[in-house]
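Got a structure for you, questions after.
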Amino acid sequence: MSAYTEQKLTRDEMAQLVAADIPAGAFVNLGIGQPTNVSNFLTAEQGVTLHTENGMLGMGPVAVGDQVDEDLINAGKIPVTELPGASFFHHADSFAMMRGGHLDVCVLGAFQVSAAGDLANWHTGAEGAIPAVGGAMDLAIGAKQTWVMMSLFTKGGESKLVETLSYPVTGLGCVSRIYTEVAVFELRDAKVYVRSTHGISFADLAAKVPVELTEVK
Amino acid sequence: MSAYTEQKLTRDEMAQLVAADIPAGAFVNLGIGQPTNVSNFLTAEQGVTLHTENGMLGMGPVAVGDQVDEDLINAGKIPVTELPGASFFHHADSFAMMRGGHLDVCVLGAFQVSAAGDLANWHTGAEGAIPAVGGAMDLAIGAKQTWVMMSLFTKGGESKLVETLSYPVTGLGCVSRIYTEVAVFELRDAKVYVRSTHGISFADLAAKVPVELTEVK
Amino acid sequence: MAPRIAASAAQAVANITDGSTVLIGGFGNAGQPMELIDALLEGGASDLTVVNNNAGQADAGLALLIKERRVAKIICSFPRQSDSWHFDEAYRAGEIELELVPQGNLAERIRAAGAGIGGFFTPTGYGTLLAEGKETRIIDGRGYVLESPIHADFALIKALRADAHGNLVYRKTARNFGPIMATAAKQAIVQVDDIVPVGSIDPENVITPGIYVNTLVALGGAQ
Amino acid sequence: MAPRIAASAAQAVANITDGSTVLIGGFGNAGQPMELIDALLEGGASDLTVVNNNAGQADAGLALLIKERRVAKIICSFPRQSDSWHFDEAYRAGEIELELVPQGNLAERIRAAGAGIGGFFTPTGYGTLLAEGKETRIIDGRGYVLESPIHADFALIKALRADAHGNLVYRKTARNFGPIMATAAKQAIVQVDDIVPVGSIDPENVITPGIYVNTLVALGGAQ
């Protein structure tokens, strides 16, 4: 039976779970927003190296006080720091690093993920919305593994894990794991496995999510 | 009437002519063999920067004595020196520089050049010959201008300036100027202009070369 | 040709004419050639096609070029930001054309232009709205989109330092688009803190070789 | 993952198995990872596909691998040299397959593999024997050939120095194929003069970021 906790996960608990799952020594890109929070739970022993697509490996924590340097920012344009062993490179080299499959894990937010691992996170498709994509499509398909962090349900209670995306696609078949406040999903072998549930039973979860779920026994 | 000298040009005189034609401040790649000799006649005032496709701008003269360093060689694998203001880069960047049209002039040897500027210089096409191309095809089509230095006639007395190549092509329509011991040709506007003759009259030259020649008046 | 040393940002951008395609470096404020953009604004060139990662922020630089309707078209990856109000207004009024490109494809297309590549197959964007109308191909079981180079008339770039041959070094993540944009433009115009004598930059550490640099202007580090 | 530090060249190449595709850096002697090649020779792996600019010279390194018929196929730009007798003999005997690639296309194909590009249109080789059988296309009036990436199992590279994270710097024209080969192989094996503590290489001057390096072996500068 899958792992279970009585309570839904908080955002910090989700980030903690993701951080614990990142293999030691991995090269990782954390997307803007919730995924950035994962860095707060990585341990020094893990030896994880963070990539920021604007041209750096070995990114350190957010800069504070005198550390702030407008030439040293992350992809969210927030001033950050550099760690010993860092390196700088230009944009073509940085995205080549990503697209070439050299990063181990990329963690992203999402509007929707399909059972096949299709990701939607760049555009609501709403009438009149100004589209903006940034590195979303590169991040989605570039890393060896793409993990998503999202709330499982919309404010209206609809599942964001779906059979077929209704939002515009960011990348096809790219997501292998989804961390939500009520469950962690693993997408492999054309199935959606539920690794753990939080504050909900597997049966209740299966009733609320419109894709076939398989419990990890 | 074209310029004229009584005597055929020596190899050094040909190199001297080419050197004098290179615009001040140009970025130039000199092919292996005869073209390399051009560097001996470039003046400091010309401020020409030499590129070597194995990854350097600002190449200096051939290394002598203590200057010899096996990590500092030209495309002919000869030890060279570096000048102040040099830069090193990897092979993909070096050939991108060439293919992207950033070099002003490339000077190459040739087996044959056609009236349309097609170049043959990489392969005799002889039965059983082991082919080798190196950077020949990249050099041929990369620079803003490709100039050829060659003897005009084979040992058998046949013109190497031809209507149609009989040797395998290196690059199509790429040559704009040909320096030979008896004449300098300019290829433009679908014509072959004779800029100068050396030890031969225009009429005699025209009789020996099987392409239509136009005298620069 | 050793680069022209311009006496001012205004002089550096003086030959940018109406209808030019201009690559503008920078990601956020890092590497943004603010003084060159201001000079371009002052200079009056219009009907520009601008290539930048974004579409201007707040009331400065590129945002003002857009506000003044000097940009006919923008090629970028991320136009919509909390402070991109001038772009938003121009776009909604139908007064600016937008070509939206995934960030890595934008970088690779700029690099391709500088490298003489006629087009390339990229997996990024395959199966998405941004691949609509583009040629696609399955290669070894994976979907790819054919993307074309982005050539430009000018590049406006900020680097840390140049030598008099135009060799450039950058600073930290301000490097971003500078090195590739320098290769893709007919004329690269570069603002630096200072210009040092030839020989002052280690040849091993040159990021943009001087061959790519046409105009330099030194603006001092305190700007 | 921080790179594995091998105790010897032999240990560094120990996991190269029969049938592997191996990128070997170097142009002439500059940047040629001679000790790693010797170890590969000693190690006994056969049926290799080797990618190098040349096809071995005289009686050393790659030439000996070819002499021993351990190379089933070579992808290179310039096999024929005055001292490439072992290649010449194997080739004339029909005992080695040759894929001849213009040097710039060779470099760009290696880069493409590392950069996740599925193919690219290059003007180099258009209209020549080396484009026969390949897809061509006229783009903006110019002829191009479609070339594909060269992926590999291993890369053998010589750099000047590494830090313990695998960040590399090279020396002069010995840089040549190293940086792109490191990106195109599943495992990059790098010989360096010395390995220095993390933090000893300025992040601005790193040529190959450590992410591309899997195995390091320090052989000292006096080799």
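Residue numbering begins at 1 within each chain, and the chains themselves are lettered A, B, C and D in the order written.
One rule holds for everything that comes next: a residue touches a chain if its C-beta (ideal position, glycine included) is under 8 Å from a C-beta of that chain, and two chains touch if they have at least 3 such contacts.
Since this is a predicted model, take the numbers as computed values, not measurements.
**Q** Return the chain pair with more inter-chain C-beta contacts, choosing between A-D and B-D.
**A** The comparison resolves to B-D.
**Q** So how far apart, in whole Å, are subunit A and subunit D when each is placed at the average of its C-alpha atoms?
**A** A distance of 35 Å separates the two centres.
**Q** Taking each chain's centre as the mean of its CA atoms, how far is subunit C from subunit D in angstrom?
**A** Computed value for the inter-centroid distance: 33 Å.
**Q** How many angstrom lie between the centres of subunit A and subunit C, each centre taken as the mean Cα position?
**A** Roughly 29 Å separates the two chain centres.
**Q** Which residues does subunit D have that touch at least 2 chains other than itself?
**A** 108, 111, 115-117, 122-123, 170-172, 203-204
**Q** Find every residue in subunit A that makes contact with two or more other chains and list them.
**A** Only 56, 82, 88-89, 96, 98-99, 142 qualify.
**Q** Indicate which of the five shapes (line, ring, star, complete, other) describes how the chains touch one another.
**A** Its topology fits none of the listed shapes; call it other.
**Q** When you check every pair of chains, which ones turn out to touch?
**A** A-C, A-D, B-C, B-D, C-D
**Q** Would you pull the subunit B residues touching subunit C in the complex into a rising list?
**A** Result: residues 24-27, 47, 49, 51, 56-58, 82, 84-89, 96-103, 142 of subunit B touch subunit C.
**Q** Which positions of subunit D touch subunit A when the two form their complex?
**A** 1-2, 111, 113-117, 163-165, 167, 183, 198-199, 203-204, 206, 209-212
**Q** Give every residue of subunit D touching subunit C within the complex, in rising order.
**A** 108, 112, 115-123, 137, 139-140, 142, 144, 148, 169-172, 202-205
**Q** Hey, which residues of subunit B end up touching subunit D in the complex?
**A** 52-56, 69-73, 77, 82, 88-92, 94-96, 98-99, 123, 128, 130-138, 141-142, 168-172
**Q** Can you name the residues of subunit D that touch subunit B in the complex?
**A** 27-31, 53, 77-81, 87-88, 91-92, 98, 100-108, 110-111, 122-130, 143, 170-180, 207
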